[in-house]
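What follows is one structure encoded as structure tokens, with my remarks underneath.
The chains carry the letters A, B, C and D, assigned in the order they are written, with residues numbered from 1 in each.
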Amino acid sequence: MAEQVKIKAGIIGASGYTGADLIRLAACHPGLEITHLTAGKHAGQPLGQVFPHLAGLDLPVLSVTEEADWSETDVVFCGLPHGTSQEVIAALPDHMKIIDLSADFRLRDADVYANWYGHEHKAPQLQKKAVYGLTEFYRDDIAGADLVACPGCYPTAALLLLLPLVAQDLIHADDIVIDAKSGASGGGRSVKQSMLFCEVAEAMHPYGIAHHRHAPEIEQELSGAAGRPLIVSFTPHLIPMNRGELLTTYVRLTEGASATDLRRTLSQRYLDEPFVRVAAEGQTPETRHVRGSNTCLLGIFEDRVPGRAILVSTLDNLVKGSSGQAIQNFNCMFGFDETCGLMQQPLFP
Amino acid sequence: MAEQVKIKAGIIGASGYTGADLIRLAACHPGLEITHLTAGKHAGQPLGQVFPHLAGLDLPVLSVTEEADWSETDVVFCGLPHGTSQEVIAALPDHMKIIDLSADFRLRDADVYANWYGHEHKAPQLQKKAVYGLTEFYRDDIAGADLVACPGCYPTAALLLLLPLVAQDLIHADDIVIDAKSGASGGGRSVKQSMLFCEVAEAMHPYGIAHHRHAPEIEQELSGAAGRPLIVSFTPHLIPMNRGELLTTYVRLTEGASATDLRRTLSQRYLDEPFVRVAAEGQTPETRHVRGSNTCLLGIFEDRVPGRAILVSTLDNLVKGSSGQAIQNFNCMFGFDETCGLMQQPLFP
Amino acid sequence: MAEQVKIKAGIIGASGYTGADLIRLAACHPGLEITHLTAGKHAGQPLGQVFPHLAGLDLPVLSVTEEADWSETDVVFCGLPHGTSQEVIAALPDHMKIIDLSADFRLRDADVYANWYGHEHKAPQLQKKAVYGLTEFYRDDIAGADLVACPGCYPTAALLLLLPLVAQDLIHADDIVIDAKSGASGGGRSVKQSMLFCEVAEAMHPYGIAHHRHAPEIEQELSGAAGRPLIVSFTPHLIPMNRGELLTTYVRLTEGASATDLRRTLSQRYLDEPFVRVAAEGQTPETRHVRGSNTCLLGIFEDRVPGRAILVSTLDNLVKGSSGQAIQNFNCMFGFDETCGLMQQPLFP
Amino acid sequence: MAEQVKIKAGIIGASGYTGADLIRLAACHPGLEITHLTAGKHAGQPLGQVFPHLAGLDLPVLSVTEEADWSETDVVFCGLPHGTSQEVIAALPDHMKIIDLSADFRLRDADVYANWYGHEHKAPQLQKKAVYGLTEFYRDDIAGADLVACPGCYPTAALLLLLPLVAQDLIHADDIVIDAKSGASGGGRSVKQSMLFCEVAEAMHPYGIAHHRHAPEIEQELSGAAGRPLIVSFTPHLIPMNRGELLTTYVRLTEGASATDLRRTLSQRYLDEPFVRVAAEGQTPETRHVRGSNTCLLGIFEDRVPGRAILVSTLDNLVKGSSGQAIQNFNCMFGFDETCGLMQQPLFP
């Protein structure tokens, strides 16, 4: 291991929760060396000042993105907020591969992007060449990509569950209801009254009802699988916990299909996948089963209502829903085993 | 107030969370005097030993139900677990009115009961005369009832929302999906590994998928409103918080109906109700808006999917979902203003 | 009750947690009518927009303090942040009584104030006439006061415990170590990264070590009781919960004194006090025993270390530690029974 | 790494939280192979049934301790409850090394043991040869030991902080007050009403006041360092979080000593230790800085009270306070680098 050549990576926007989890995982990756950490307003500080839990690592001081010397860097992870990634990435030198964790390059259709984000895309040429980083479905494209757009946390949990079912026409693709629930870290580290401890603890509520930006992303991929434009009912909720995301998806089965067929299809599809697992029959997926790990866990249940099924998918929004999947894509792009650096087991309790 | 005649009430099963909240509320009711508190295995102990937070109240010592002298008692609240209430209540003297908080007398159909609870009802004659205690819909019957079966917490939140909509045929009554979420107190105070702090905190999951006993109760009432047998898709989830329950209900609108029609119908229906409120347009109901109070808060949202709406209802499972509604029914039965003892405002944060 | 004359009260700074809890309690007070609610940046909004949980109350719209017509108002509760209260209060008309919940008027010594707060007091003439609002010790002065400075939450819990013991010389007053723990609402509703849900949940830590501003307030009162200047070791901690505060105080007994003596002294001192209770021997005070109520609960334990005792005091920081004590003082000032509006029982779970 | 010889290890009592965390850590250890998992009442079940979060690992089915074939096993980790370890361990074959995580072999003095645990030790000959597994202080003895008794979580945090200070006579060793706070996992997975979610959440309290069994363990080691018998004031508290422990220790400095001396002493003592870190001056140790990792973090603060200092130590009770330290001792015993398998970074948020 000592002689292994390490890929030199920079992390742009290292002061958010996504950045922190990237660093946590990268620290256990034998083939990844962090050479730059940038974070605008914290530039000049050691990482331990922004994230004391990472103070024990030997890492570069936080710097300004624009002032970095990228000449020796192979790849950049970009953890900036939506809307700011596109310009920053467009300004980076060409020789580096980019793994973007924001929403900026997930939507392929420029109009859909403009419609949901309220402005024209500022790097449309990059948007076209970006590969959607849902590893289990795009790993060949990812391997050769220059720019990978990692999926949102909700779309990851929704698509790993639904893509095989829609592709095989086992469910009515235009009657999908997704009730999504997430811990507070999904909201990032930006400072808002609504995310104060006292506002979130001992409380829960839906948010972004009928206008959450992960909906078009889910629809883009499901429409591709169905071969026709689809629209889904998607409602996220804020739950008083740090990490973890769980989607309960309500579907109607197509003529002749049963919950058993759904289970068989998903089990076969993910038989050789290290990070997607179908829970044993009768066992209910729970967020604590995957906390801190890169696993997505799926569950299939027959409903009492004839012809309906209740589907469950859960993952850690900061790992498989973000930084873990980014590392998984890194592994694809640089020829590592896909599980490299990602075999940490869930932390429970 | 000093001269007001007080109704003498006993509480059977006073050592659970439901019992504790009954006592909390009763302590602020000017016309209710607690004369008996029973709790089998804690008999002989002062209440403050079981519930130190209530140690400041001057209340009778916990006693054994069977040994109580009920001759001066007007009414009994029964907070026993499901399945044990029916025999205990059947053995009580006739002169007392009964307000039962268990599920034992909620289902009117003996076969449905036997089917969901796995045994014949042990007090079928009482089952027939029990009145379903959803105050806003049965208050006239409740006023004259001898036995009131207080609804389950989920059914209360579901029915206050859906009954007017189904009755007016504004939604497709056979395509209702209810995603329910509850804090841990809904599970009661019984000691199970799955309810330990470390199993529940920083975690969430669905439970009782496709076989939760609140489903037939919801269906009984909705079927009544629809005039035909209905079946609903109902899935509850355990959320890491003490109190609070929120239902996100996904419905299809009938031809010509709009989300605005739903809002207007619910607003009119509850205009004069003190404990049911429709949230202002654009405002999302949250559990913290009702914590500790007897309020049920409703929200109506148009979905992006044409012809669909997303409905939200929230209440405190221990108050409007249990002990508060029991006091509200007590007020009906004994001629008090329905709000008597129930005007405590929500506790936030 | 209907004919009772109501005292007309304004609340300045109504948009913080302290303001919300004042309104919650005042809503159940038969002799208090809220005529003004002011909150600078929210002026013009209905209260329900800032605090949806209070939307059911019929209250005045939020207004600007400086524009209010106070001519009919009898008393003002002031819930502004420390440092801003003094000027606002100095500018109010003379005919109103003032109940201040900030730290601005708690310290009697102008030099101590300047030393801890970093600036000269801006209303020194008012500072002199302010009465320290620890009701159980100053109720006679409070009854006649024009300006009452309600104690901090930590000082309330510390002083109710320690004042009788220091006064009777039962403990070594210069060897007191107070380890204080508080839920997050003690930090107020202002928006800081350190108070985000993800920073506070599943975590704890001390803060303000050796420079928390409640220390001089505790010392002022204990020094008065001891008859000589004292200094205490005081360290607060942030605990992942909304409400509740618990102090574990480590003391050395004076020659001849025992834990039993401490218990007897405290029990006698608070025998007739409605809001201070000594827990039964062997029963440990817990924050959940007082959540939402105006009670302060005390516990006394003999240490294994000879000559030492371990003392516990707990209260709800927003009630007895702030808004509840303010209402209690209001009752003193306007001739109500001290318990008026304050008999709500603790909310558990 | 592939050819590395693996040490064959059994885990007795694998169904508790300590067992789960041992397995989590062991799964990332390149030189440790789990050959047995025993758990009485769960025998015959796959691990994934008891701990679904570990279902992805390829591990032996749970078995009965007494029926295991230990002939090929090199070492056993024992995670049984206190009081049951001693007999089980005494019955194991001699050829295996034992790493015990219970309290059974921590106290060297048979009388002290009998006094605190209420019965004579049942394996006194083993008690004599057990080595106290505080790695940083006993690593040479541990390397050659047959039986290592891993310290309790509180003693680990207390001793890493205090041993160097007592040894160098920088603090008055007979005036030490330790206020300890722990998350709920410290209480284990056994099912008790007091550990239910609704009893612990949104609440806190001290427990075991003046009789917690970690006190004699702390005193044993500090007495050794001081060269005379010591007694400490030690009070633990239950905090509503899963993992994490923080001790705030109040000390008096000896003549001439300063907080700076304490800092310098601790910094030097742990300069080369991978798992003990002194926080930068002014930075406060928090539990979230070490969650999930094997780090113990120390902080030193001068008190306002002349001659006093406030010391902070924090660790994850399940890792450095239990299973992580056990793996660290395993590394000592079998010649691995001490950090092997333990470099996972803290999980935040």
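Simple rule for what comes next: contacts are C-beta pairs under 8 Å (C-beta built on N, C-alpha and C of every residue); 3 or more make two chains touch, one makes a residue touch a chain.
Given the structure is predicted, the values throughout are model-derived calculations rather than measurements.
Engineer: Taking each chain's centre as the mean of its C-alpha atoms, give the chain farthest from chain C.
Structural biologist: Between chain C and the rest, the longest centre separation is with A.
Engineer: Is the number of contacting C-beta pairs greater for A-D or for A-B?
Structural biologist: Of A-D and A-B, more C-beta pairs in contact link A-B.
Engineer: So what's the Cα centroid distance for chain B and chain D, whole Å?
Structural biologist: Inter-chain centre distance comes to 46 Å.
Engineer: Measuring centre to centre with CA averages, how many angstrom lie between chain A and chain B?
Structural biologist: Averaging C-alpha atoms per chain gives centres 39 Å apart.
Engineer: Centroid from C-alpha atoms only, then distance chain A to chain D, rounded to Å. What do you get?
Structural biologist: Measuring from centre to centre gives 36 Å for this pair.
Engineer: Provide the list of chain A residues touching at least two other chains, using ranges where the numbers run on.
Structural biologist: 17, 184-185, 198-199, 201-202, 240-243, 286, 288, 291, 349
Engineer: Could you please specify the touching residues of chain D with respect to chain A in the complex?
Structural biologist: It is residues 1, 17, 20, 23-24, 27-28, 48, 51-57, 184-185, 201-202, 242-243, 277, 279-280, 283, 286, 288-293, 295, 343-349 of chain D that touch chain A.
Engineer: Which of the residues in chain B end up touching chain D in this complex?
Structural biologist: 17, 184-185, 189, 191-193, 195-202, 240-242
Engineer: What residues of chain C sit close enough to touch chain D in their complex?
Structural biologist: 177, 179, 181, 183, 198-199, 201-207, 209-211, 215, 231-233, 235, 237, 239-244, 246, 248, 250, 284-288, 291, 301-305, 308, 310, 312, 314, 349
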